[in-house]
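Here come two complexes built around chain A, the first alongside chain B, the second alongside chain C.
Right, the complex of A and B next:
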């Protein structure tokens, strides 16, 4: 064996959101330590939400994450609406879905092109690619701009959304704006095809480890908002029972809490959604999956990025259909639905870019008295660590640099959002 | 400044949304990459350069062990720029400064609270002197570009001293007070093009107070529009907790 003893110590993994370290210690061929340390500062969002007016919750909690700000706001609004008995209108539901697709597209394009592709192309960031492959970089920027513009038209800006409120929206896009976005979504199909071609060519490591995959599910659509919790190991829970699925626990080397369900760990995110909800994908997304050689159930975590590419296809196609529906009926300027009561408890759940997100609030007389948020990256951490433990013994014949890169690429494949995940814990509701 | 000054990005307690906004600004201003050399940007690149002239720092300082890292950045950089409200004013992180620290820790981490180091959140200027600020939660893309332009030209960037109301009137928005909502526009520093009122929501004060804000009058207006004392306190402490606590401390001598 080339590396009977090995020490990998990656301080602050790059091209991920937030601060994490990889520590691997192999002595005489035995794996002594293999940790993904989360060293982000604790952020205490649950404590900060406590004692605030309910209407502020979505604005405060969107600040958990700059990348999934719309996702946090959506989960937050759903938790509040369920607590206070608010039923959003069909128009609100459609606009929220379209807005949500904008965020999934923005985040997936950022991850696939700017965070993952540089590894496969042997460079340290997207910046040198601007010289060597300007068409690729310009395409990524063009697609990302469309995604951001889609969110901006509906909620003011992607980071951090403004017009999303309990019971609806405080601002609406005009028909002309919506039509222009629809036309750009149709035009972006060429870029989406080019993205599929790019990822057909990129070589990602062949590593497999079966695990439990969990995602929100609806029978009649590829679910991003609401739905039920479904596992590839069997099992189907209403979102109100999220604690039975997540079973949070703490480890000393991580400010983010971990989770497990029916196995020692589970995975959430694009690959988990693909495995759970393949049947509900848009036909064009299924076609893309075939072209990318991805089929359920896929157990190679590196292919999470490929599943994101499949979701890019789905979100572009579904956005065109949503825009068509909104254009057909016309968007009318409506005041948000007012809550019929100001006391209650509710759970909101969404499939944000990195996986299943839960917000749970208790509201009393309009003030939040208890809050709990469970973030996708927190749910993935234990699974990443178990992947690392399975991977390291199989690559000990490689040199230290190659092993380090393989581990960094593995962590990056999960698209971790570390600053999001570092504030969770077993919150007692008082 | 010489050709292509080296710049670096750092972050402490934050959502990294301001750095994401920097990435977004490249969509419309790709020429920025020709004007500067980015030597460190952990969120987007693997290289970690330690030689830089300008440091953009996002996030609040919320634990002792981050102070040394910030001081090292200050020693290296000729210019330190606070990027966004967390770095500028403590931002949303300072909401918890109004609560008792130990109860905040226990609420989130239970009996494991002592595993994780923390203290009240502060702006970076509470730890080191800074040279410029780009306010906002998140920063405004165009303002980022104009501040960078000013710095590259050796000018001190100038922030508007007028309130958000001025920009809101120029946009011909209907005042959100007339739509039954409340707004901190009268006491909040302009420069965001009144984006929140434009999208139908009242200003939350993320860019910080204007010089000499008439807070007594602001609170009276909020009360006249139906807010209870607790609601007024909530409204003025979402982004402004740190500034309000400083003002209260100064008043109480």
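Right, the complex of A and C next:
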């Protein structure tokens, strides 16, 4: 064995959002320690929401994340709407779905192209990738810009949306804007095909560890908003019962809470959605999955990025269909639905890029008196750590640099958003 | 379907007007609109918090002038003409971070992509405060007409930069 004793200590892992460390300690071939330390300061958003009027909640909570701002706003609005008995119109539901696809696309493209592809192509970051393959990076930027423009057209701006409100929208895209976006979505299919071709060529590690995969599910669509909580281990919960699934707990080396359900850990995110909701994927996304050799149930966490590529196909195709439906009926100005009551409790749930997000609010006389938010990365942390503990003994024949890279790539595969979960990465070999 | 080439000269404002003096770029665009008389081959764009997509704004241009707030340790309202690579453009909070990439990361990426215009000048204006809140501080608001005048001169003279100073006449 090449490494009878080994200490890995990555202090602040790069190409992830937020600060975390990987610490691995192997002594005489025995794994003594393998931790994912979360060292971000907790951010106390739930406390900030308390005492605020209900209409401010989505604007405050969208600040939890600059990447998933639409996701947080949507989960927040659904929690408020359920608490206050608001039923959004079909037009609102369609616009929210289209808006949501824009954010999923933006985040997945950034992760797949800028954060994961450099590892798989053996370059240190996107800058050398831009020098050796400028067409690849320019394609990513084009696709990202379309995703951002899609969000901006519907919710005013992508980062921290301003037009999303309880019961509807305060701004609507014109027919001309919607038609132009629809045309650009059709035109971007060539870039999507090129993305599939790129990821067919990329070699990702062949590590496998079976775990519980959890995602929101609807029988009639690939679910991103609302639905029920479903597990690959069996089990189906209404989202109001989310605490029975998340079972939050603390570990000493992390400022973020961990979660577990029917096993010691579970996974959320693109791969979990793919495993739970494969049947509901758009036919073209299923074609892409076949081309990428991805089939459910996939238990290689490194392939979360490949599942993201499949979702890119799904979101582009579904966006075109949503735009067609909206163009057919015509988007018309409608005042947001007003709440029939001002007191109640509600849970909103969405599948944001990194997995299942829950917002739970208690509202009294229009003021938020209690809030609980459970973020996808927090749900994945325990699963990442258990993956690391399973992976390290299988790669001890590699040198320290290779082991460090394998661990960093594993963490990055989850596309973690550590700032949001504390509410990662730095590998320390010791 | 190939899109038409963009205007050869770009005036790009970056920044968030909800954060006090970070809105100086947008205020300068407003100043330029009031002054009028920009040549037809000049496009004026509010890039907001564009991040890496700034590369796409710069692509296929001959020259670009970017206006943004920059903490250079100067008196509030003083401004400098900076070159690409100037360390004063660094994203101090997250150097090299791609989740919240700033102007320096976008310029690095554009250089690697070989899509930087021949001439790129950044007019960095020293903010007094970029805390949450609308409106510019008095010294930064007072600097805006001078920055507008300098940009007009930059366009007309087709120059690639200015010396340091609050007032281009003092350079």
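Basically, the second predicted complex is superposed on the first by the 422 of 430 C-alpha atoms of A that agree within 3 Å, B and C clash if a C-alpha of one lies under 4 Å from a C-alpha of the other, contacts with A are read in each partner's own complex, and residues count from 1 in each chain.
The criterion applied here is as follows: contacts are C-beta pairs under 8 Å (C-beta built on N, C-alpha and C of every residue); 3 or more make two chains touch, one makes a residue touch a chain.
From a predicted model like this one, the values you see are computed outputs, not experimental measurements.
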Exercise for review: Answer with clash or fit: chain B and chain C placed together on chain A by superposition.
Suggested key: clash
Review point. Chain A residues in contact: does chain B have more, or chain C?
Key: B
Check your understanding: After superposition on the shared chain, which partner residues are touched by A:114: those of chain B (first), chain C (second), both, or neither?
Key -> both
Exercise for review: Name the contact category of A:67: first (chain B only), second (chain C only), both, or neither.
Suggested key: both
Check your understanding: Touching A:187 in the superposition: chain B (first), chain C (second), both, neither?
Key -> second
Practice item. Determine, under the contact definition given at the top, whether A:284 touches first (chain B), second (chain C), both, or neither. Key: neither
Exercise for review: Would you sort A:243 into first (chain B), second (chain C), both or neither based on which partner it touches?
Suggested key: neither
Practice item. For A:53, decide between first (touching chain B), second (touching chain C), both and neither. Key: first
Practice item. Tell me which partner A:141 touches in the superposition: chain B (first), chain C (second), both or neither. Key: both
Check your understanding: After superposition on the shared chain, which partner residues are touched by A:159: those of chain B (first), chain C (second), both, or neither?
Key -> both
Exercise for review: Name the contact category of A:252: first (chain B only), second (chain C only), both, or neither.
Suggested key: first
Check your understanding: Just one of 169-177, 187-195 or 241-249 in chain B hits chain C in the overlay; which is it?
Key -> 187-195
Review point. Residues on chain A in contact with chain B in one complex and with chain C in the other?
Key: 14-15, 17, 66-67, 110, 114-115, 125-127, 130, 141-142, 144-145, 148, 157, 159
Review point. So in the complex, which bits of chain A are touching chain B?
Key: 12, 14-18, 41-44, 46-48, 50-53, 56, 59-60, 63-67, 69, 110, 114-115, 118, 124-127, 130, 141-142, 144-145, 148, 155-157, 159-160, 162-163, 165, 169-171, 250, 252, 255, 367, 419-420, 423-428
Point to revise | Residues of chain B touching chain A in the complex | key: 12-21, 23-24, 26-28, 30, 33, 38, 41-48, 62-63, 66, 91-93, 95-96, 99, 103-105, 107-110, 112, 115-118, 137-138, 195-196, 198-201, 204, 230-231, 234, 238
Review point. How about chain C: which of its residues touch chain A in the complex?
Key: 1, 48-49, 52-53, 55-56, 59, 96-100, 108-109, 112-115
Check your understanding: Given the complex with chain C, which residues does chain A contribute to the contact?
Key -> 14-15, 17, 66-67, 110, 114-115, 125-128, 130-131, 134, 137-138, 141-142, 144-145, 148, 157, 159, 187, 417
